[in-house]
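Please find the structures below.
What follows is chain A paired twice: with chain B in the first complex and chain C in the second.
What follows is the complex of A and B.
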């Protein structure tokens, strides 16, 4: 069960919480103040009324017993003196019920007050709300003072007054509180927004920095402000990204070292190999005259030197790709002709089915394209089965033309377990065969050459079985020849520094 | 058999190449530094120089420039693939061809033969052809421009002879690599471009707006039209 608040942003929630706290404080303060002020106002009103009423009764000359007419006069006399509140005076004397008004009894005087007034010499009061109108009722027994502090006479006088002024004052207070609370809340919104801003700025910084790290900008750091929890978070973030940066730098250095090592090793191997390769023919030619064991050993050395030389060349080639030192020497090429020449160079032309439409010209690096085609066809001949087909076509993808070269063999296809690894370096599809005819780098070099051209190479099973390798290169057609006039070669190597 | 001067600092490569080429009947002199190589030029009088690019002290490119200063002797550079910049500089300095090490002797010998064939084998027709201010003597293998003899390195001469034999016909770089250098179709087109640049500097009035060796953008090069 998710709270609806979770859907709101952090800022909204912060401001909301702040305003809620402000509202609760304001309401609490207002309520307490209202209650205190109200009771103070009412208390003062009733104390004044009670005192006055007692004084007036004391000042009234009471001669007992009284008849109804006397009592009514006394009541009216008392009622005239009701200040500041006009009051109505009721008197109860035995069974006599008179008042200063037309009605002899009041319906706001409660039995409880009557009982209290009769019991107490000092009189009692009670606030009564009747039909929504607040009344103050004061009951006061008339006393006969014979030097003993006063004895009840049996006459009880009641003053009944409306608390309308006090009610108006209290009403005004409520209105003031209500009218004051809304602007106060609006004013509270300003510090709430400021506080939210200052709390949220580190959060925003953190988000920006985390996104930076995600983009690979590992140098991203957060400015640490103050010493609160967010500052601690920022410090932790900075520490973590420093560690991450260090680890990544270490990894990159290790990788660079490994690559440099491979490159150095192949460089170092090349010089002795150059000497050895120059003399392998001497070995081959003279082997026939040696005794059979020596001859076999000599031929073995010759063959393996050739393989070693090829392997070192491939390693150097891969090292250059790794060091991003591989250059593309583009030239305008008749693609079908280039593929035919690749097959001829390796005496494959009779073993390969060719579907090579004429007239496709493209900007390619001829040497690298030769390597791409030769490695794929060589791979098909070695690991697949004949017939092998090389197919060339162009395709339009959106606004760009693609040059598509396919090499399809008739073998069993590629094992799904092997498929993700066919372009890996030194990946052996068959674990039992520790050495294949190739260097183990052929398809990896093909992949790098294709990438260098900005293209893709894809391995899959053909529609009718067999492995299908598809190379797609962006097709940049050479510009058309001008009809007349000389011009400069399009892609001359620069002679200015590297 | 051709006399070959090998300038190579690494002893095993030097010995290997000397052994391999001697068995094929070449006469070889091997030296280990550029200075020694330049010194041996006059006395040994080689038909061809095999020049390692990475030499101590004076490097291969400098040696190449020094040789070209006085002679149009065929020069083949020995280089490692990946030293691409050096190859370009070496070609600009006037080398005719290059071989990527390590290489089998048969490859080295094939290149030597190809470079020397450019000199030994005059193109079919004899006599002197006149193209504008250029007089090309196919039998005598010499080129004269406005009465002045133009010294051309073997690759430059061979390229000029090939292009001028079929004026206004366009040849792709791959075709020129096959015909002139006897390289594979997928050889290094920079050989052609560098050679064209050197040739233009020697025979064009303004190398920037060539008249004889023209670029056909998107296809290759052609000779003329002189218009």
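What follows is the complex of A and C.
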């Protein structure tokens, strides 16, 4: 019984329950009515037959003893008067057995009825069903009254009749009940469906609204109808989603404030830093003439100022991404040439093994691609071990061609605990090493640039150990504007092993 | 929940299924028996009780028309009734006629040329018979008592005392 309850929907169950109740009440009513009507029909038929039989016998005049001929005449006379039911009359007198038919005795009259009719001074009847045919048998002793109360004459008469009319009536009632039940159930189907609809519509609305909230449409509300439990549920849902909307708006404001703060700080730092850079440059040039201790201090200041300047630049870059103010200036680029230039600009060309096939051209933002490659190679040089390999190829993915750039170092690879966080901002792989050569934003900026192109970036261990960063970019400009967000899900560092 | 519904519906269905059509009944007693007219009437006939051969111990009344139609004044009625009452017992001792025997009637009384007298006393009907009576069977005694009571009085329930050559029966009441 549990399985269908699980399998059927709410509507089916509601309609089913409704119909079941309707069927039970219809069946109960029909059964009770039927039983009452049947007993009324039968009682009337029996009473009429018994009364009539008694009256007709009372109208007979007999002599005692009766002979066979007289008995037969009486039987036939009685049989003719059987109305509305034709009945067959059987008579018993002493050893005589006579009837109005051609058989002297009946096989429908039971011994129990004979005993009752002969043994008592009462009329009796019995309904007998023989071979599926219902019969009414009436046993009636004939008494004689000679002024001192009735005394038995020894004559007992039996009337046997088929209850065909009553049977037809009873069957007509059954047919009527059966034929009436189906339309009644069909009619019950209408309120059942209406009731199911009135329950299911709010449920459907609720489901749609919940799905809307799930999609991020926090403004979704449900129309509240009536004042029942479902309306209460809808009201609660509306209240909850209002609260949720407010909280989310608050969070977004806070986040925006924080970003604006970071952006403002970077801007404010840039001007004094520019001055400091100019000064440290001059100091650097003059460091040779200073005493050694002062020269060391001056060079340290110069190095740190450079780092600070780079950090501020990175912070401003990431702020632009957060403010969605990063623009993509696409240009058709010879990719191998672009990578070569990037390496040369940073004097890395001798430390990097290059597998750069010529002739691959792609629609890219050259500045951003430069940042992507430079950050990945710089990261490999800083945290991995040489030799570092940059590999370029194209791959067909589904219907589009992808540009695949791989940067592989020969270091110990990436710790699995660190792997999910390598693209996080200011994430330090080694907690003890609080200071490193990089700003801590390099890979985060790489990720943002790749996303801006509509591409993905993966970090994994290379086939022979060492960290492997794989950047996939669309070879041609994606059909949808990339500024609205990449069509691919944000690249999660995957754990594709060797 | 559904299980409960089904369980509730099952007996109903069973009730509907078994209750269809016309059912047989036991024997039901309904009211009075039929009362027939017996010809000839009480004044012109004598009632005798014989035994049904189909069921022993069962008395069946037989109505014999009086052979001599009675004529006369109501005052003389009692004498003639008394004579008819004597006659009734004589006829009883003579046994069933041929017609009566054909319908299965018989008597338990011995066939004798009975000398019978019936009187109505304060204790009921007094019958004198010139034959032994204490050896009669139970059914024979009832034949005798019922016929005598019926013949002498209008009430067959009257007490009857029979005196024979060897003793007295009764007083007893007729029960048919």
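What to note about this one:
What we mean here is this: the second predicted complex is superposed on the first by the 358 of 498 C-alpha atoms of A that agree within 3 Å, B and C clash if a C-alpha of one lies under 4 Å from a C-alpha of the other, contacts with A are read in each partner's own complex, and residues count from 1 in each chain.
FYI, a contact is a pair of C-beta atoms (placed from the backbone, for glycine too) under 8 Å apart; a residue touches a chain by one contact, two chains touch by 3 or more.
For clarity, every value in this text was computed on a predicted model and none was experimentally measured.
Residue contacts after overlaying the shared chain place A:229 against neither chain B nor chain C. Touch criterion met: A:113 reaches chain C, while chain B stays clear of it. Contact with neither chain B nor chain C is seen for A:293 once the two complexes are overlaid on the shared chain.
Counting the residues of chain A touched by each of chain B and chain C gives the higher count for C. Touch criterion not met for A:69: it reaches neither chain B nor chain C.
In the superposition on chain A, contact of A:102 is made with neither chain B nor chain C.
In the superposed model, A:350 makes contact with neither chain B nor chain C. Overlap of the chain B and chain C contact sets on chain A: empty, with no shared residue.
On the chain A side of its complex with chain C, the touching residues are 1, 4-5, 17, 20, 23-24, 27-28, 30-31, 34-35, 38, 42, 46-47, 50-51, 53-54, 57-58, 60-68, 93-96, 110, 112-113, 116, 118, 120-129, 134, 139-148, 150-155, 157, 163, 166-167, 170-171, 174.
The touching residues of chain C, counted against chain A in their complex, run 1-3, 5-6, 8-9, 12-13, 15-16, 19-39, 42, 47, 52-55, 58, 60-63, 99-100, 102-105, 150, 154-157, 176. Within the complex formed with chain B, the chain A residues making contact are 267, 270-282, 285, 306, 309, 312-313, 316-317, 320, 325, 327, 329, 331-334, 337-338, 341-342, 345, 361, 366-367, 369-370, 477-482, 485-493, 495, 498.
Against chain A, in their complex, chain B makes its touches with residues 10-17, 19-20, 23, 80-82, 84-85, 88-89, 92, 101-106, 108, 170, 172-174, 184-190, 193-194, 196-197, 208-211, 214-221.
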